[in-house]
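This is the structure I want to talk about, given as structure tokens.
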Amino acid sequence: MEKNKKVNIKNVFMYIGLIIAAATMLIPFLWMVSTSLKTNQYVLSMPPEFFPKNPTLDSYSQLFELLPFDRMIMNSLLVAISVTIGQVISGSMAAYVFSRLEFRGKNALFLIYLATMMVPSQVTIVPLFILMRYLGWINTYQAIISPMVFTAFGTFLLRQSFLTIPKDLEEAAFIDGASHWTVFWKIIMPVSKPALATLSVFAFMQAWNAYLWPLFVTNDEKIMTLPVGLALLHGRYLTQWNLVMAGAVVTIIPMLIIYLVTQEYFVKGVVTSGIKG
Amino acid sequence: MKKIFTPVIALVLLASIFIAGCTPETIIETVIVTEEVVVEKEVIVEVPAEEEDVTVTYFTFSAAPDHLEDLDEMISIFEAENPKIHIEVQTASYDDYFTKLQTRIAGGDAPDVFELNYESFVSYAAKGVLLNLEPFAQADPDYDASIYYQRALDAFNYKGMQLGLPETFSTVMLYYNQDLFDSAGVAYPAADWTWDDVIVAGKSIMEGNDDAWGIHSSIHFWEFYKKAAQNNCQFFNEDQTEVLLTSPECVVALETMISLLDEGVMPTNAEMGGISDGDLFISGDLGMLVSGIWMFSAFEENSFNWDIQVEPGMATQATHFFANAVNVFAGTQNAEAAYKWVKFFTSDPAMAEIRIDSAWELPALNNPDYVVGYLSQSPPENRQAVFDSLEYAIVPPVIERQNEMTDVIGAALDQAVLGIITPLEALEQAKAGIEALLP
Amino acid sequence: MKKKNQKVWIILFLSPSLFGLLIFVAFPILASLGLTFFEWDMLTPPNFVWFSNFTRLFADENFWLSLKHTLGFILGYIPLVIITSLSAALLLDQKLIGRKFLRTAFFIPVVSAWVAVALLWMWIFNPKFGLLNFLLSLIGIVGPAWLYDPAWAMPAIILTSVWKDTGFFMVMFMAGLQNIPEIYYEASKIDGANRLDRFFRITLPLLSPVTFFVTIMALINSFQVFDQVWIMTKGGPAGATSVVVEQIVKNAFSYSRMGYASTISWALFIMVFSATLIQMWAQKRWVNY
């Protein structure tokens, strides 16, 4: 009985800590929502008001009036989904090679992959822009999508994850005459659901929130993604923060949905059942 | 065979993303079917390709987000008068505009027509990327240089070439909260005030009113060169070979700016706590504000009475002259059409009317009718002060490495404001930094 | 037979990724390397200037100052964010009530735009009305001016960054924790191991590939810190939070020195790469696969 009491107090403290932490995470979101419901007059007072005096949904309808907002949402969706699929497919296939196959210069090549993430994008943007011009891809969807699909991030993440999968499972399959493709598709991938879910979330997020590159490569409002379009709300001298926050709230919601959906995949991998202790 | 089949499918899937990407219109159009889309498609089919149908791209920072409709109105008037020319608007927010413009020019995707402000004009002009509009103006019987405000036209003339036409101009005024002045029993600012008068008034306003501040006038490069001029401080000698910033007049100018903080009538950045000076004025807690005439529409809904006055001076008066121009890219394929658009957009009466009606900045035109229209609007009442200010207007000192100079001075000012160094030390630091930038 | 097939498989699996990487990622990077030998204002063609960008770099006080600030950020940010994200992942790995809600709550800052996050934290750090100084005053401490005080601005930015990124790395750790078979824990319980033992002998070692990933990504990202600095302090007050990427952006787009900006980028690259190499060498000692 005493042991139970001890455990309970510890749990209570832990819970309190977690709840406080969670509250700090949630407060900005609540503040964003409350700001989006204000009329511009009261937006930036110091100290800030958390509860709008006359809450209104005006900001949201104004968003749709000022910008081709629905179009931008569709553009962002198209870009984010394409990038996610692309990163998962190309990244997982490359990760399979780096984690399971051998060839001369493999480690050097992997190092090169890592190295590509170390050069600040602010300078590579201009040569990339020129490349797009050369390909005739300025102001097209493929221009926005391609550089984000082929970053080394996905390969790195999945390689690390694949490396934790014990080789016992494949050994058996190879003996049975399975090809690399079968092993990849039927053994490695199903077992890596948490990592794949993680990559999907982050690839989607990177593409969904991408700002600098889509800004540079799109000229036409019809093809702009959300962050680029929302930046247009920033006036030169004064910004209507209620509109900006409304835009920010709308931007977050699909991300949260994706996150909640992929939460289902954060289950213990099937690998646990195959181990012989 | 089966073993190779599925990986090939995967590759094909990947490739199909590109193929799908190549025909974006079909994907989007099938998802969002609106009338607009259907109409556009019909138009493309029906109108046969005539000769000389030209599209001119116009890149702008001043239209979004509030004046896109006004711009569209102007464009429809223009296109009605010039049926073979179609204007395509491309927008960016001011913060990103110049980065994007440079990248586009570097990448060979330059817009035909684009906006520039005075500070950036000089470097673009010097690099030869702006088209000389003089020949087009000469060949155009309808072109009349005198309709433009002369100073604005001159601002965009580089070495005898007219490299842009002035679109709008603006200046900076002293805004004041009449209600706060009334409660404190202080007389409203007069056109010949000095900063000493400002400090006295500010202190009276703050007495007995814990929430109020007396004045706000930003301490950065653009305010500094104007305050410097108010005290007859010269940045450079005649041929810009020497930096004169450490002269007594300049030191006094900077000390005067900082004295507003020291006397407690102006809030520090920490005391502002992240809200802008415009927001502070709107909240009704600021007695006086030095800011541009572009704030008129933002202040329209203020819950208190306010007006403007010519900015206070020191030994003399000096006020800002800011101007934006529209320029044609030197490498454009559509020079004639671009010129027509530029001329229309900067001088056409229909355009000016739309601008003034929707309070979208002042056209840089000499026409007294527009002035009357502008003056008759309120608030503020004392719009005449805007034109009075122009008597004392000055342009910023410009060197080739302009942005670096702005940052050097900004860094020095920041340190002086925080009290890390004295005003004299700040100016010495600035002088050394600028000398390193001169050729 | 098997060897020949291996090569085909390697090429087949690797080519989409490698092909795209070479064209869209490696090519622009190599172009920027080439640019380090030129001066380019972007409006006119580039000028070949040999090594003058490199000599400029050594003499550039602004660069070295920004490097110092960036290192300060890294030293504060990385240990903190690893501790918070790992703790959160461990705590939320247990079967708790409201676990899903808590996990989502932790993730919200990650997906929030910096615009909103920065505004909120600027209020929290507000010297007069802010939450933080208010809480400190309850314990009798007079809080500093935070974002407006050259000494405290960077710590404030570090705190905000840790808060925002914890959820990101927490998710990585969570995925890694899923891969540790329950059996190991059960077996050790039978052997009489307590909680701490289990953590240090099972969890940590088996988590090491993920920890390695987290450390490298955190390092790469923090060397390139920029967005939050730009929004919260614009490199101020009085340049106290200027960071390397800010120098890159300024030189590239404000000062018309694209070549020099590339030079700074490559100096940064060399530092990140070296730090990563050290990590990779060290990994042989502590990472288990």
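Side notes on the structure shown:
The chains carry the letters A, B and C, assigned in the order they are written, with residues numbered from 1 in each.
Assume a residue touches a chain if its C-beta (ideal position, glycine included) is under 8 Å from a C-beta of that chain, and two chains touch if they have at least 3 such contacts.
Computed from a prediction, not measured in an experiment: that's the story for all the values here.
Of the two chain pairs examined here, A-B and B-C, it is A-B that is joined by more C-beta pairs in contact.
The chain with its C-alpha centre at the largest distance from the centre of chain C is B.
Centroid to centroid, with C-alpha atoms defining each point, chain A and chain C lie 15 Å apart. Taking each chain's centre as the mean of its C-alpha atoms, chain B lies 36 Å from chain C. Within chain A, contacts with two or more other chains are made by residues 46, 89-90, 93, 125-126, 130, 146, 149, 179, 181.
Chain C has residues 13, 16, 42, 119, 123, 126, 128-130, 258 in contact with two or more other chains. In chain B, the positions touching at least two other chains are 7, 14, 103, 106, 273-274.
Residues 14-15, 18-19, 21-29, 31-32, 46-48, 89-91, 93-94, 96-97, 101-103, 111-120, 122-128, 130-131, 146-147, 149-153, 155-157, 160-161, 163-165, 179-181, 184, 194-195, 197-198, 201-202, 205, 209, 227, 241, 244-245, 248, 251-252, 255-256, 259-260, 263, 266-269, 271-272, 275, 277 of chain A touch chain C in their complex.
Contacts from chain C toward chain B in the complex involve residues 12-13, 15-16, 40-44, 119, 122-123, 126-130, 145, 147-150, 236-239, 250, 253-256, 258. Contact residues of chain B toward chain C in the complex are 7, 11, 14, 98-99, 102-103, 105-106, 123-124, 127-129, 268-271, 273-274, 401, 403-404, 407, 411, 414-415, 418, 420. Chain C contributes residues 5-7, 9-10, 13-14, 16-18, 20-21, 23-29, 31-32, 35, 42, 88, 91-92, 96, 100-113, 115-117, 119-121, 123, 126, 128-130, 163, 167-168, 171-172, 174-176, 178-179, 181-183, 187, 206, 209-210, 212-213, 216-217, 220, 223-224, 226, 245, 248-249, 252, 258, 261-262, 265-266, 268-269, 272-273, 276, 280, 289 to its touches with chain A in the complex.
Of all the residues in chain B, the ones that touch chain A in their complex are 3-4, 6-7, 10, 13-14, 17-18, 20-22, 24, 27-28, 31-32, 57, 61-62, 64-66, 68, 90-96, 100, 103-104, 106-109, 111, 273-276, 278-279, 282-283, 292, 294-295, 298, 301, 303.
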